[in-house]
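Per-chain numbering from 1; labels A, B and C assigned in written order.
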Amino acid sequence: MSQNSNGTGHEHTSREEDNVNSRRAFFKNFGLFGAVAAVGGAAIYSGYEYQESKPGHDMVKVLTSDNRIVEVPRDQIKDVKVDTDQLQKQGREGLKGHRFVMVIDLSKCRNARKCISACQGAHHLRPYEYHINTLVMQESEHTAPYFMPKPCQHCDNPPCVAVCPVDATFKRQDGIVLIDNERCIGCRFCIAACPYSARLFHWEEPLMAESDKGKPYNIELNVPQRKGTITKCLFSSDRLREGKLPYCVSACPNGVYYFGDENQDAVTNGTTKETFRLSELLKVNAGYQLMAELGTKPRVYYLPPKNRLFEFKDEKDPVQETT
Amino acid sequence: MASEVNTDFLHDKKLDSIAADILRPVGITQGFIVWMGFLGISLLACIYAYYIQFDKGLIVTGLRDYISWGMYIANFVFFVATSLVGMLISSVLGLIGFKWVKPIARIAEIIAVAFAAIAGLVIVSDMGRPERLPYVFMYGRIQSPIIWDVTVVTTYLVISTLLYFLPLIPDLAISKGRMGHTPKWLQKTYEILAVNWKHTPKQYQILLKAVRIMLILIIPTAFAIHTVTSWLFAVTLRPGWDSSIFGPYFLTGAFVAGSAAVVIMMYFVRTNYKLDKYLTEHHFDMMGKLLVLVSIVYLYFNINEYLVPGFKMKTAEAIHLKDLFVGDWAFMFWSVQLLGLVIPIILLLFKFFRKPLSMFVISIVVLIAAWFKRLIIVVPTQDHPFLPIQHVPKAWMVYQPTIVESAITIGTLLLVIIIITVLVKFFPVIPIWEMAEEQNEIDSKSKE
Amino acid sequence: MIKRYFTLLLIVLISIRLSAQVWVVPAENDARKSPFAFDDASRKAGSEIYMTSCKSCHGEPGKNNAVPLVPPPPDMSSVRMQANSDGAMQYKITNGRGTMPSFKNTIATTDVWKVISFVRSFNDKYVQEVAAQAAGGASVANVNIKLNWLKEQNQIQATLSAPSKDKGILPVGGAEVKLFAKRYFGNLLVDEARNTDAAGVALFNFPKDLPGDSAGLVQLVVALSNEAFGDAKRDTTLAIGVPTYRPPLNEQRAMWNVVSKTPIWLLLAYTIAVFGAWGFIIYVFLQIRGIYRAGSEKNTESAE
């Protein structure tokens, strides 16, 4: 059973919190869909009811969403019923009062590609399917090459959303551009429209199609992925809902990413967790947007690759066979 | 088309001979069965190819994330383009008053109906989730050019069908009693479709009015359908598509493809059905002149489309243009421009080449070139997105159409041919009453 | 191949050069010791901090799965790591160097000691030396922080006090205090760290342009991090920020918005065009019915 499959279960429990006693809050992080029993070979599978089990000291090991195995009393495990409609509704609505923004410091990126693997793990993607990709860039012949992580830019004037015929991709109030793979008809007009090559298409059955079968669709995680539909970077909106930084941002070992809220004028570094004024960061480092001249109004800012603390090495990637 | 119809021709003996000529090939013949059998079996293979794609996903095509539109979309553009000729010939030329288009008008409408009907199907073959087609109507966003395209393609198909059907009604009535050699069900179909046609002046009056409305309405619709199709590309930011003349560029290109298709079909009808009395060398001559005219206009737009960005050579445009002019696409690009445009223009300026057979050969080359031209418009632009293509399997960087993909594309072409064959074989391919009326007019004039 | 070989050689040379540079820790810092004894609770708390802040580079302790950076981040169980004194570890975590980031503003001093407590659990031979108890006797639980907003100066005043054993409530002087504004993903350091004066007072400058919520409210966190007193925190919400309301980003009519937010001109143009065209089409369909009816009329002019 998958270890990454818990996003949906998670959310529901946190919403339930209000009307549950405080002890239950401790179990907030247990997504039952990711729960694995390691005792006595008894496997816990999704939707299993534990109501008839004895109260008290019968302990069971479960895998939490953050990959820890913990022991909990069996009677404390609750079957989390995830309401797909509710997930859709809150997913389309977005988080009120926020305008999420990402800052990528190119002077720190040394192509560790941890952001990519964290992202691919969370979203059940193959090694060559990128929501975020690190590109080797060189402006012109005599300028220095540098690494540029490239997620979806979550444009405020999104060309991809403008062309979608069925409202399958849309922009939320918090600025995030999402994709609803239960709506997408697979016409790929958005791929043609996106100047950042940020979108990808499931040409075949997605990597974990088999194990994700039957799981409720979480629009904010875009899992389960579906054949014949589009997928793309979602700014990890499932994590943002919990107040956590995106997968890529927290996985970076080099402090490349800052993520935050434009309304609060603050961004938090994913590696050091240090928080900065967004306006100041952009001002001091002369931040810029990627291809701003196209008028897409990206929500991702870049800080120029100057004063780098390391030497540029273009290592060949396993999947890469570039020209 | 005249606003008044002189129904004298109904009592003219010439009507009998014209009807006999035109109705002779109608019906089920041995050749028809063999031909349809061949088409049907080939189509089955193509349907199986589509089943594979439906089952496995678009992975069976050569399309990948970077070049995500390929043969299907090129084919769609080609189909829409070809279908536009219905508007050009029966409407524009007809309304201006060119009499020579009369026997060709129905052929043009058949092409329009067949290509427009299958164009919609071609788009479905490109969809990742074809079963969600109803979503387009349920959740349609009217800001999306795809919704505009769906709207105008549907409208165009309906108008073209009406323009095919309305002038056919008197012929269906005339055919009554002259169809002894055809199966009973076909005669019954004629009777139903003839909608109680009695050749009354009032009926002619209504018919002519209805046809006239449709002839006018089809002009903006046809302009819209291909302009909107061009916008599927032009509304994006990509170099090679980001062009403000894409609408007229596509439209004029459409007339080239469509005229060539009409010539090819004219030639088939003329030789197979022995209708050289109606589709004369004069008609081919005129079509040749028309083809030269539309080709020159299209050449003009080609020069605009490539010379202006080629003069400036903006970074992204330059990569694209170099690829076309001297790079990977150069061979196809120059072949298409020369064989599909420049050489036909030069040849067709001479009367010698505006003969049926040479016109037929030239038109086939023009039509094939037109198909590849669409491929050149669709694919090379995607070869070079703004940001580099990195860290993906090498196969993702080049578009290499697969057998499955080609089979599905051929399948759509077969469907077009099947529709054309059925319409040509089961219904009079040349308007009997219009021919008879014209003959009657000429005769009465010569008597005076 | 040769090119690749040279690249490899270069990498090796660089790493040798970099790792050869010794990270010098000032003697004073090197001698520092944890103010509390490491126990299961501190190890558990330290493990949680380690997992969120350190694991991404240093990997899981004992598994040697650190990220291959230059210089390589050592594994927690390695001899190289454990050779550091507690004080040296505390210094390195706090200040950072090169690729190792500084956690000065993100991990509180006490939490740093907890991380060290966790790291030491991978060393069987480790025996802890606890710092001698600081004088004064004030303890973590009873430091009291009061916050005032001095509006004219646009300053925040923090007053620290703690009850002592015999002299009643005394001001806490010489303690390092930090002021943060709460943001969605973390706490923003508003002004640099200050030391309280003899009266237990520290003054912070508050920026004039920091956005608050729609009423200008900003949640402030004052944190005391002092080995003598341990940690103390206080949350206060003050209407000190710039009132900020920004409308949702999907409010306006736009080509990219949902159908209900279609630009008016497009809505009109589309509707008129579709209804216009289909009006004529339906009219023509009705004409076909008209043709049918006209055929049934007894008409003398009928041809057949």
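Just so we're on the same page, a residue touches a chain if its C-beta (ideal position, glycine included) is under 8 Å from a C-beta of that chain, and two chains touch if they have at least 3 such contacts.
Because the structure is predicted, anything quoted here is derived from the model rather than measured.
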{"item": "Innermost chain by mean C-alpha position", "value": "A"}
{"item": "From chain A, the most remote chain by mean C-alpha position", "value": "B"}
{"item": "Mean-CA-position distance for chain C and chain A (Å)", "value": "16"}
{"item": "Centre distance in Å when chain B and chain C are each reduced to the mean of their C-alpha atoms", "value": "61"}
{"item": "Mean-CA-position distance for chain B and chain A (Å)", "value": "47"}
{"item": "Overlap residues in chain C, where contacts from two or more other chains coincide", "value": "255-259"}
{"item": "Multi-partner residues of chain A (each touching 2 or more other chains)", "value": "159, 162, 167"}
{"item": "In chain B, residues with contacts to at least two other chains", "value": "139-141, 143"}
{"item": "Footprint of chain C on chain B - complex, ascending", "value": "7, 10-11, 139-143, 148, 151, 155, 158-159, 162, 166, 169, 173, 195-203, 206-207, 209-210, 213-214, 217, 220-221, 224"}
{"item": "Chain A partner contacts - residues on chain C that touch it in the complex", "value": "7, 10-11, 14, 51-53, 56-57, 67, 69-70, 98-99, 101-103, 105-106, 180-181, 183-189, 209-211, 213, 244, 246, 248-251, 254-259"}
{"item": "Residue ranges of chain A in contact with chain B within the complex", "value": "128, 130, 133-137, 150, 159, 162-167, 183-189, 191-193, 195-197, 199-205, 227-229, 291, 294, 317, 319-323"}
{"item": "Chain C-touching residues of chain A, taken from the complex the two chains share", "value": "66, 94, 96-99, 110, 112, 114, 156-159, 161-162, 167, 170-175, 243-245, 250-255, 259-268, 271-277, 309-311, 313"}
{"item": "In the complex, chain C residues that touch chain B", "value": "255-259, 262-263, 266-267, 270, 273-274, 277-278, 280-281, 283-284, 287-288, 290-297, 299, 301-304"}
